[in-house]
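Order of writing sets the chain letters: A, B, C and D. Residues in each chain are counted from 1.
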Amino acid sequence: MTALSTIAFLGLGNMGLPMVRNLVKAGFAVRTYDLSAEAIATAERDGARGAPSMQAAVADVDCVFTMLPTGVDVEGVYRGPAGLLATTRPGALLVDSSTISSAISRTLAAEALAAGRVMLDAPVSGGTPGAHAGTLTFMVGGDPAEVERIRPVLEAMGKRIVHVGPNGAGHTAKLCNNMLSGACMIATTEALALGEANGLDPQVLSEVLRTSSGGNYALEKYSPYPGIMPNVPSSNGYKGGFRSDFQLKDMRLAKQLAAQMRVRTTIGDIACDLFELHCRSGYAKADYSSIIAQLMTVAGDPGVDWS
Amino acid sequence: MTALSTIAFLGLGNMGLPMVRNLVKAGFAVRTYDLSAEAIATAERDGARGAPSMQAAVADVDCVFTMLPTGVDVEGVYRGPAGLLATTRPGALLVDSSTISSAISRTLAAEALAAGRVMLDAPVSGGTPGAHAGTLTFMVGGDPAEVERIRPVLEAMGKRIVHVGPNGAGHTAKLCNNMLSGACMIATTEALALGEANGLDPQVLSEVLRTSSGGNYALEKYSPYPGIMPNVPSSNGYKGGFRSDFQLKDMRLAKQLAAQMRVRTTIGDIACDLFELHCRSGYAKADYSSIIAQLMTVAGDPGVDWS
Amino acid sequence: MTALSTIAFLGLGNMGLPMVRNLVKAGFAVRTYDLSAEAIATAERDGARGAPSMQAAVADVDCVFTMLPTGVDVEGVYRGPAGLLATTRPGALLVDSSTISSAISRTLAAEALAAGRVMLDAPVSGGTPGAHAGTLTFMVGGDPAEVERIRPVLEAMGKRIVHVGPNGAGHTAKLCNNMLSGACMIATTEALALGEANGLDPQVLSEVLRTSSGGNYALEKYSPYPGIMPNVPSSNGYKGGFRSDFQLKDMRLAKQLAAQMRVRTTIGDIACDLFELHCRSGYAKADYSSIIAQLMTVAGDPGVDWS
Amino acid sequence: MTALSTIAFLGLGNMGLPMVRNLVKAGFAVRTYDLSAEAIATAERDGARGAPSMQAAVADVDCVFTMLPTGVDVEGVYRGPAGLLATTRPGALLVDSSTISSAISRTLAAEALAAGRVMLDAPVSGGTPGAHAGTLTFMVGGDPAEVERIRPVLEAMGKRIVHVGPNGAGHTAKLCNNMLSGACMIATTEALALGEANGLDPQVLSEVLRTSSGGNYALEKYSPYPGIMPNVPSSNGYKGGFRSDFQLKDMRLAKQLAAQMRVRTTIGDIACDLFELHCRSGYAKADYSSIIAQLMTVAGDPGVDWS
């Protein structure tokens, strides 16, 4: 097993760009491609090497990262005569860090194997702050030996690299997490709204709940109520952070997975539906903690420019 | 303002008994009464002084604690010619640590004031382990000066004493917390079930979720999945801990409060309903984390002896 | 028992005005009062006698109808030195056709009895079309003999007069009905949306569902899908009919009642919450069948003038 | 286009047997096969001709009906060297009256076409009473000309034959219907429980709701409350009728379809989940109206012999 030294990175969005920067910092030779020439230029300023096409970016590298919006995008990039399965070096390690359905991921992994490549799924938790700080959590699915091979690369971008199971397991873990975080976020806003309607101060109540059995990530690190924590989206007009429509996308994937597997996820399903209604009412691009706007008048008007 | 030195404690159940023990340890003179002579005998062994009647217990003390199952019980003990409002020393401080409706609590506080007594609501979080260890959180509602007066007494039983607002606010905070913890517990079991159905190891998944945005009290300190944490009910056949029917009682109070105040607590309401169905299916006396039994086959049969 | 011949009618809205018209047609002497002088003028054109004040309207009549928006309004009209309990003729029959909480209704009925008057609750089903056509259903709660006494009056306005139980029972039946109709309406829109998304024609599907086990009032008489039935709000831009915020008001009362009585109404509660979100998103004044707008793009934009 | 005269019928359960009987009565030559020799014998007594194998039954007929429990069963019977697509006469008309996923149905229809056969989906509504009485509703999906060709055959078994769209549309309509009927049934039990808890007589309330905007199939023809209607399962210990686990199966298919198509069916999803919990609590084989047992103590104990 040889060390991986050259890396292609496809998908230079809010997550991809800082991830590339951290790879470069750690000494990896990174080639990038994105549909946006501007994004490529930014990556080049950070020390990566832009490529004129996806095929040029991936031709000679040891491994290829994808960080794309949807499963359809990932399938498009992997398949076909110009896709990764055909144009990468035989034996190349293909790592998908997008959040997509685990079924698609398993299928692509099998196709990769048949084509003489190796695929891992490695979605992340930690958001844009984690991407910038290099403190992401990677939930990795696939062959254990390959996971060990990619570990040094992932450690350049994250602080926790967890091998959660075979191919697809990374995505499953990610979907479980986002279903859970979405439900806990809404339940937290309900508790705050119920308290405030009865005269409690949201800050005092948040602190009591945080240290009691109601404690959760939203109360610990990501308060949906403005002004309680600095440096979270709620204290910045719900800008930045994790968009509500991305949260919805992930929760829908979880719901589909649950329906297919006949696992009853009643609370997760309802939470997903509430995020759909939230997005429909004008908050699609606001941080997902803006779901508090459905209960309390603290989250600004819908339809403002959240970017 | 004089220090409080003599205390009556009414209600010697799983919570009341260890709380009395800690008061005695801290040097307070404690008189107790309970309908169970056996409970009084236990309290006496711990250094409290049993009384032949509630009236005898409360006649001369500075303050009276109540730790009773329901609001109806508390009303019964407070009101009437033999009740606390009539038989305690004028100026006595009445502290209710039961979890009851905040509306009842506010009404009793007003009646206490009219009768020349002072009432505080001070429900607790932390369960029987916290009661034994003296590490409870008290959520206190009432007059700030009176809260300061009771603080040294509460500190004998708990490590966090939070004044959350006026009378009733303690109960409101407690109901908000239990609604939230019930919802997060169920959402956690759903995430574990979805993961397991897709081949993930519950222990690995629990660890990933705990340190990601899905993190919450259930994953941190109270895993519903057997064998992941020692010393939690799930690793002890769901015995001990906090009974599902008590969890249901509190969630119903939260739901009623929300309905009265027209606060939409969709997730909390559904979680309450799921706990009702759980209790109906034979788990009323099992720890509330046994709700996992509705999704995974790890929680033993319904109807066993949970005591 | 003497026949009732003089009637006062308070509350001349979309329901009250046509009800008065039908009373006049049937030969009753009707005196009316409303806060809107214009409404009184309309009632006068229909043959009723307007009064300069509520007290003047009710002073000498055999019975008084109230048709008011909320329980608070009804309490305000009944109580106090200028209220119905003080200013009507002793022995007068007070009939409340508003939809309010059954608890308030029971309390007012007891107060009426103590004040030497008799109260009945008689909320209606059938909407403005039924009010115009004189085909309302009255769900009447109260003393059976009094119900028989009011029956001829009610028959002037409705075709079904059902004595459902003691005081408050009329309101309870009405709340049960509106909780049920709201839930069935939403479930119907979900079925239509699921069918349409899979290529089914809504009209064909509606017809199949109507005559199968999914059949319900929405499919039979009140299609939420535009163009399937003439003369329903959905075919008239969701104008007229029964406002979404009124539907929400009734469903909230049902939810409160259920929470107080510890009856688990999971589906009804969620349906109520969905109506709240619907009203919040700009459809408060549109007919309640406009809830289809949350699922299909057939119900026009939110925020248009629905009056 | 030639008339269909010889028919094979596969699947002789509670629905299949009476359907075969009606086909025979109408003059069709019917060959049958089932895994149960006893069922074949019963069909033979009704005038059908049993076959020693599925292949023997279908070899020479004009059309083949399948009435099987699940999509997996249907796939098994259609595919493979011994399956219908290989062993029926080229040009044979294959009609599936099972309730399965529309996606599977569409796939099989395409495979049939490729194999030179024609497939229609024709699930039914009306239950065992409708099957016996020959009054079923058929919801048919597929080529319009083929639907006309099969119409005379279906009319021997049903009174309403509705062509709802292309292949798969029949199943979609059926799933929409059962999702809707399940939701309305639960909402009806909630309304009855809320009324009864407030002192209303279930029979009186049922009658008021039936004729008001809450009216639906459950109140019209299939009361879940014992003793209100004769000849319905609730008046017969919840035996007969439509099993709760079959209702659950259909609602799960609807939920999966909705999740895949991203149609938000909040009420339908929750209703599905409540049926799952109902089945888990011992009522899987009781008629689906026994869901009332989750709210009222009228439905007998779980776990009795429902057959």
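Please note the rule applied: a residue touches a chain if its C-beta (ideal position, glycine included) is under 8 Å from a C-beta of that chain, and two chains touch if they have at least 3 such contacts.
Keep in mind the model is a prediction, meaning the values are calculated, not measured.
Asker: Compare the CA centroid of chain B with every other chain's and tell me the farthest one.
Answerer: D
Asker: Same or different for chain A and chain B, where same means more than half of the interface numbers show up on both copies?
Answerer: Same, since over half the interface numbering is common to both chains.
Asker: Just give me the whole-number Å value for how far the CA centre of chain A lies from that of chain B.
Answerer: Comparing mean C-alpha positions, chain B is 38 Å from chain A.
Asker: In angstrom, rounded to a whole number, how far apart do the mean CA points of chain B and chain C lie?
Answerer: 43
Asker: Chain B to chain D: how many Å between their CA centres?
Answerer: 50
Asker: So which bits of chain A are touching at least two other chains?
Answerer: As it turns out, chain A has residues touching two or more other chains at 258, 262, 264, 266, 270, 277, 294.
Asker: Would you mind writing out the residues of chain A in touch with chain B in their complex?
Answerer: For this pair, the touching residues of chain A are 102, 125-127, 137, 139, 160, 162, 164-166, 168-169, 172-173, 175-181, 183-184, 186-188, 190-195, 197-201, 204-205, 207-209, 211-217, 220, 222, 254, 257-258, 261-268, 270-271, 274, 294-295.
Asker: Applying the document's contact rule, which stretches of chain A touch chain C when the two form their complex?
Answerer: 270, 277, 280-281, 294
Asker: Under the touch definition given earlier, write down the residues of chain C that touch chain B in their complex.
Answerer: 252, 255-256, 258-260, 262, 264, 266, 269-270, 273, 276-277
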